[in-house]
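Each in structure tokens, the structures are laid out below.
Both complexes below contain chain A, partnered by chain B and then by chain C.
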Partner chain A sequence: MEVLETIFNVSLIAAMLRTTTPILLVALGGTFTTKAGIFNIGLEGQMLLGAFFAVLGSLWTQSAWGGVAIGVLAAMCVALTFSFFVVTLRANEVVVGLALNILAGGLTITLTKAIFGTRGSIVSGDIVGLPRLHIPVIEDLGSLGKALGSFTPLIYLAFILVFVVWVIIYRTKLGLYIRVAGEKPAAAEALGIPTGLMQHIASLLCGVLAGLAGAHLSLGYITMFAENMSSGRGFMAVAVLIFSAGDPVKVLFGCLLFGFADALSLRLQTFGLSSYLVLTVPYLVTLGALFLLTYRQRPKIFRETAESLQLIRREKA
Partner chain B sequence: MKAIIRNLTAGAALVGAMTAGITAASADTLKVAAISGYFSQGFGIAIVDGLKKAEKDFDVEVKIVDTGNRALDYEEQFNNIAKDGEYDLVFVMGWELVDALQKSNAAYPDQKFIFIDGILESETMTYIDFVEEEGSYLVGALTGQLTEKGVEGFNSGSQVGFIGGRDIPVIRNFLMGYEQGVDEQSEGVSVSSVFSGTFDDPAKGSELAMTLYGQGVDVIYQAAGPTGEGVLQAAKVADKYAVGVDIDQCPTAPGHILASMLKRADVAVYDVIKGEVDGSAPVKPGPVSYGVAAGGIEVKVCDEVKDKIPAEVMTKLEEVRAGIADGSISVTLNQ
Partner chain C sequence: MAFAVEMIGVSKSFGPVAANRDVSFGVRHGEIHALVGENGAGKTTLMNILFGLMQPDSGEIRIDGKPVVMESPRTSIGLGLGMVHQHFKLVPSLTVAENMFLGMEITKAGLVDRKAQSEKARALSEEFGLRIDPDRRIHELSVGAEQRVEILKVLARGANVVILDEPTAVLTPQESRDLFRIIRRFADTGMTVIFISHHLDEVLEVSDTVTVLRDGAVVGTRPTKELDEDSLVNMMVGRQVNFDRRERKKMSGNTVLELRDVFARDDRGLPALRGIDLEVRAGEIVGIVGVDGNGQTELSEVVSGLRAPSHGEIFLDGKAVEGSDPRHMRAAGLAHVPADRLVRGVNPGADIASNILMGRQHVAPWAKKGLIRWGKVRELARELMQRFDIRAKDEHVAVKTLSGGNMQKVVVAREFSQHMPLLLIDQPTRGVDIGAMEGIHDEIIRRRDAGAAILLISVQIDEILALADRVLVMFNGGISGEVDPANTTEEEIGYLMAGGSRSKEAAA
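After this line comes the complex of A and B, so read on.
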């Protein structure tokens, strides 16, 4: 019993929310591109550049929110480059996405060296991190409230954004257009909806959220930048997106599951289980669960993917 | 009058030094090159310090080569240095250079390459090997004592924490030394150890640290590169303690870093050059160990927290240090 108590307690929930947030933010960004029919494997790179420029911006402006803004802008630039190649020039989205990921990794290293003359990481007391909020209403809710009432702002924002993104995608004209552009481009064109523009907008919105995810990582979660600090979170988001077909609510559950498994696995290690084994748990759990959840829909997803691919091929021919 | 005498003796010493210098110069000036991508930070700065000191004290000419990020021409850079046999010693630091170094070493086996902070397979190179387990033992003695005595800030439980980058032999060395230090120098204290599985995810380091702190650990020793920086930051957020590694990390989170386990690259580099110059220890292939005794490893207790540490603990730490230095305490690796 005592063992269970040391694993399952209030701080586990707090840890789960912390580990969920970066992936949730970037995955929510990916819902837009997924809905617009773009397979966006470049999330990792957008996030990494967002993290880097957030730190840079924080140093320049001496303000955490200034840093967030610059991080978001940087990620949007990458997103725009991505959509320019993929939508306007019709380049292969996987190739472009991977190329931008590699570019982001190299660019941050080169810029770190050029600007700070160091390698590996940027750590400085001058980086202004996001403040910890203290929300009295939540904090008053006993020990659970204490654990949940003092996060950095982007954690709360991430969960609010799930709802916002859902509304945009399912309840606004823009969302409708984006979905039509992704699901039935031919129908969209027939209706006079500019599919290309919709895909550009979706990619830009994705950039905003990926930038937020990066900024959260380097100014909220911790206050520093390190080479490759996104550490595969963008790719994890891609996996969640594939199985959730870009539905924000399913994305939320996928990310929460991953966050929970991640936070749990960190605790399991203290019981002497091999780190190599334990560290694979979150990935296995998430993939397994998503696999089961989408078991019935998969023929449909496969069919739709095949159809859309054929459509593109026919258009090209 | 006294002043004059003192000046005279100083002058005599100076003349002595000059003649020594001249004899050395009449032999050959020792030419030393150092190559790495990290000369502008932490460990690299220490190397440069050691080289500069050697340049000042001996008849040594130093050339510093910054590799930059151009991974494609690492090998060419090594070959350029080695091909004329111009340099007597070439110091190398950085794991990303290992492949190129080994190729160049195979092509120019007579060039004396000295790899800093690690041992590679090649038998024709010299390796500066820091005995991290000795420093880790000292850290264990310090954190173990503080926890056993229930010093304020270290009294939440009977465990001290360790966070490693990956579960690999070199990080295991840190952990084994640390565990021995805790076991042998304190009673009723145990080590709770975890690995992040990655060296470049500070967010994960922070999360792991929060987990350990949440379980009643007050101080965490980390050996995890940038992941470890996240641990140091978590110490500040959680109002607990962490221990820095390799370089002086006390300024990262002042007041929350208990100490830093330093690898004194400056001491090691200076020492190697000195041995070569005065002939007391000419550079030869194989590993050269720099541990506590040689001054290559030391534990620096951060100034900001010094007043919180009881004098008896400091005394004990010094005793243990002396014990390791004279060999009465041996730190063993059972792999």
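After this line comes the complex of A and C, so read on.
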């Protein structure tokens, strides 16, 4: 019992919200492209470049918000490149997305070396991290309030954005056009709604949020940049998006699940379990849970797969 | 006075296929102008060019006498054009109202005001007599209802030139008459209408002028009052087509399909079928008529295994059908021509041969040891293309590039050539021209004479009366009566379609 109490306590919830934030931000970005009918596997690279340039920006401008702005701009540049290839030139979205991911990985390493002469990471006391907000009303609520009342602004923003993104997608003209462009482009074209433009806008919005996610990674709780610091969160976001079909509310739950498992694994590490093993936990838990959640919704796909497998076996026999 | 719409010397080719050849015609203000021609004559292509969905290879378009370049539908919509497309351009996951107001949303404080849109849509639907529930999602609707949405969408936009590409293909005669009354009213107030139809009676009844296309070229433009059905057919196909009333055969084989007390719910969970009892015997055509939305869609889905009945039993060849699964139904002997060919009938991106193959990919001689024998499949495809008069260069042509009627023929050819004991046919001749319609009707009769049990659903009452051996009328999810097609009257059917039942009639 004691062990459980040390694992599950208020600070675990606080940690969970912290670890949920980056994947939530980037996945919310991905809702726009998902709804616009683009399979955006390049989230990882956008987030990584966002993290890198947020650190650079913070050093240049000596301001955390300057850093965030530059990180977001960088991610938007990647997003625009992505949509230029995919929408304007009609290139394959998976190929372009993967290429940009690889480019982002290489570029951050090269630039780190070129600018700072170091390998792997940028650590400096001069990087200005995001301030913690102290919200008195929440802080007054006892120990839980203490844990929840002093986050960096991006964490609060991420959860507010769930609602904002929902409103944009389901209640505004822009969101409507983005959905139509993704679901039935012929209908949009016949009414004079430019589908290409909608997809570019969706990609740019995605870039903004991916940039914020990156900035949260490098300026949020630790103020540094490390090689490949997005560590697959962009890909997890893609998985969450597939299972949620880009619905912001379902995205929130998928990401919370991931954040919880992530926070739990951090906690477990302090118990001396092998860190390699522990680090796989969040990914396994999230994928497993998403699979179970959607298993019942998609009986047809699974049934059909099972049937074709049977068929192949029968034909072999 | 200048024409409201004029097309001069318009040509358009798709590779080797010349869809439009030097087409010129003009439409006067306030006129109802019919465009007719066989499947693949180039009607849809011509209208797509006028609407800016396609660019002509050469030629000129004038609106009110002024030359214009229709770069995209944005240009044409800006010039006051509206179009009802042959293959609907509706967004399945959005509601009726959202689709109607797409591109011209009513907003409040920056957000789409869905309540206001719903109310306006309802008002429009009532004003124009096109029944529709504005809050339903498109994917829950029958094709007839989708057609009404598509028409309302254009009427809501208040266009001054309206193009209607086969607006009545899935409307009942009554609905078509209502639609044309509305159109007449609009034309009298100065709206210009171009409409395409294969129903020549309709064309002769409502249009002022007719332009006939054949093989992409204009055969002629005539005032309607100078024409009759024969002369029109002659212009369209260049030969005589005879319409015989078919001989009916009294025949009763064993029961192939039986529904006992079947209930089912629609996508919203509301009861759509209420206690259907039905029997189709070998060698018999049972026709179903009814106003669209009275359970025909659900009936066809239940029989094809796409929808599970909530109560009741279905027997195929005397055996109860377990569960509901299209694949089991097909394996048990069902061939199915669905109402919406693009959604359930064809794989538009694939070629004709692959589409013909669908459903027999596991069966010899088209497959052997798990491998497809394409030589055989292509041979079959070529043979069917000839038998069903599918107009395309060869069997490698992608189905999505076929004209609407030719797509329909691909579906019919595939299903009819399976030689299944049970045929479920939903709108068999949607969008096919009169020549091909006769061909399909002949094939239906031939399948019946070969001993197939046929359940025929159509909004074209004439078609049902001409083909069916027994006719059942559906109302509100139930069967309101059975009539003998040989000596029934339109009044009798109309009465049953409106829900009057035989017993009540007798009591009154």
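Keep this in mind: the second predicted complex is superposed on the first by the 285 of 317 C-alpha atoms of A that agree within 3 Å, B and C clash if a C-alpha of one lies under 4 Å from a C-alpha of the other, contacts with A are read in each partner's own complex, and residues count from 1 in each chain.
We take it that contacts are C-beta pairs under 8 Å (C-beta built on N, C-alpha and C of every residue); 3 or more make two chains touch, one makes a residue touch a chain.
The model shown is predicted, which means the values in this text are computed figures rather than measured ones.
When the two complexes are overlaid on chain A, chain B and chain C sit side by side with no clash. By the touch criterion defined above, A:Lys173 lies against chain C but remains apart from chain B after alignment on the C-alpha atoms of chain A.
With both complexes superposed, B is the one of chain B and chain C in contact with more chain A residues. Contacts of A:Leu287 after superposition on the shared chain: neither chain B nor chain C is touched.
In the superposed model, A:Asn228 lies in contact with chain B only, and not with chain C. Applying the stated contact rule after C-alpha superposition, one finds that A:Leu157 touches neither chain B nor chain C.
Once chain A of one complex is fitted onto chain A of the other, the partner contacts of A:Glu183 are limited to chain C, with no touch recorded for chain B. Annotation: superposed on chain A, chain B and chain C show a minimal Cα-Cα gap of 39 Å. Of all residues in chain B, only 37-38, 40-41, 68-69, 166-167, 192, 194-195, 197-198, 200-204, 206-208, 210-212, 214-215, 225-227, 229-230, 233-234, 251-252 touch chain A in the complex they form. Remark: chain C residues 51, 53, 72-74, 77-78, 83, 85, 89-94, 98-99, 102-103, 105, 107, 110-112, 327, 362, 369-370 touch chain A in the complex. Of all residues in chain A, those touching chain C in their complex are 167, 171-173, 176, 179-180, 183-184, 186-194, 307, 311-312, 315. Contacts from chain A toward chain B in the complex involve residues 6, 9, 11, 15, 18-19, 22, 106, 109-110, 113, 117-121, 123, 125, 217, 221-224, 226-229, 231, 262-263, 266-267, 269-270, 274-276, 279.
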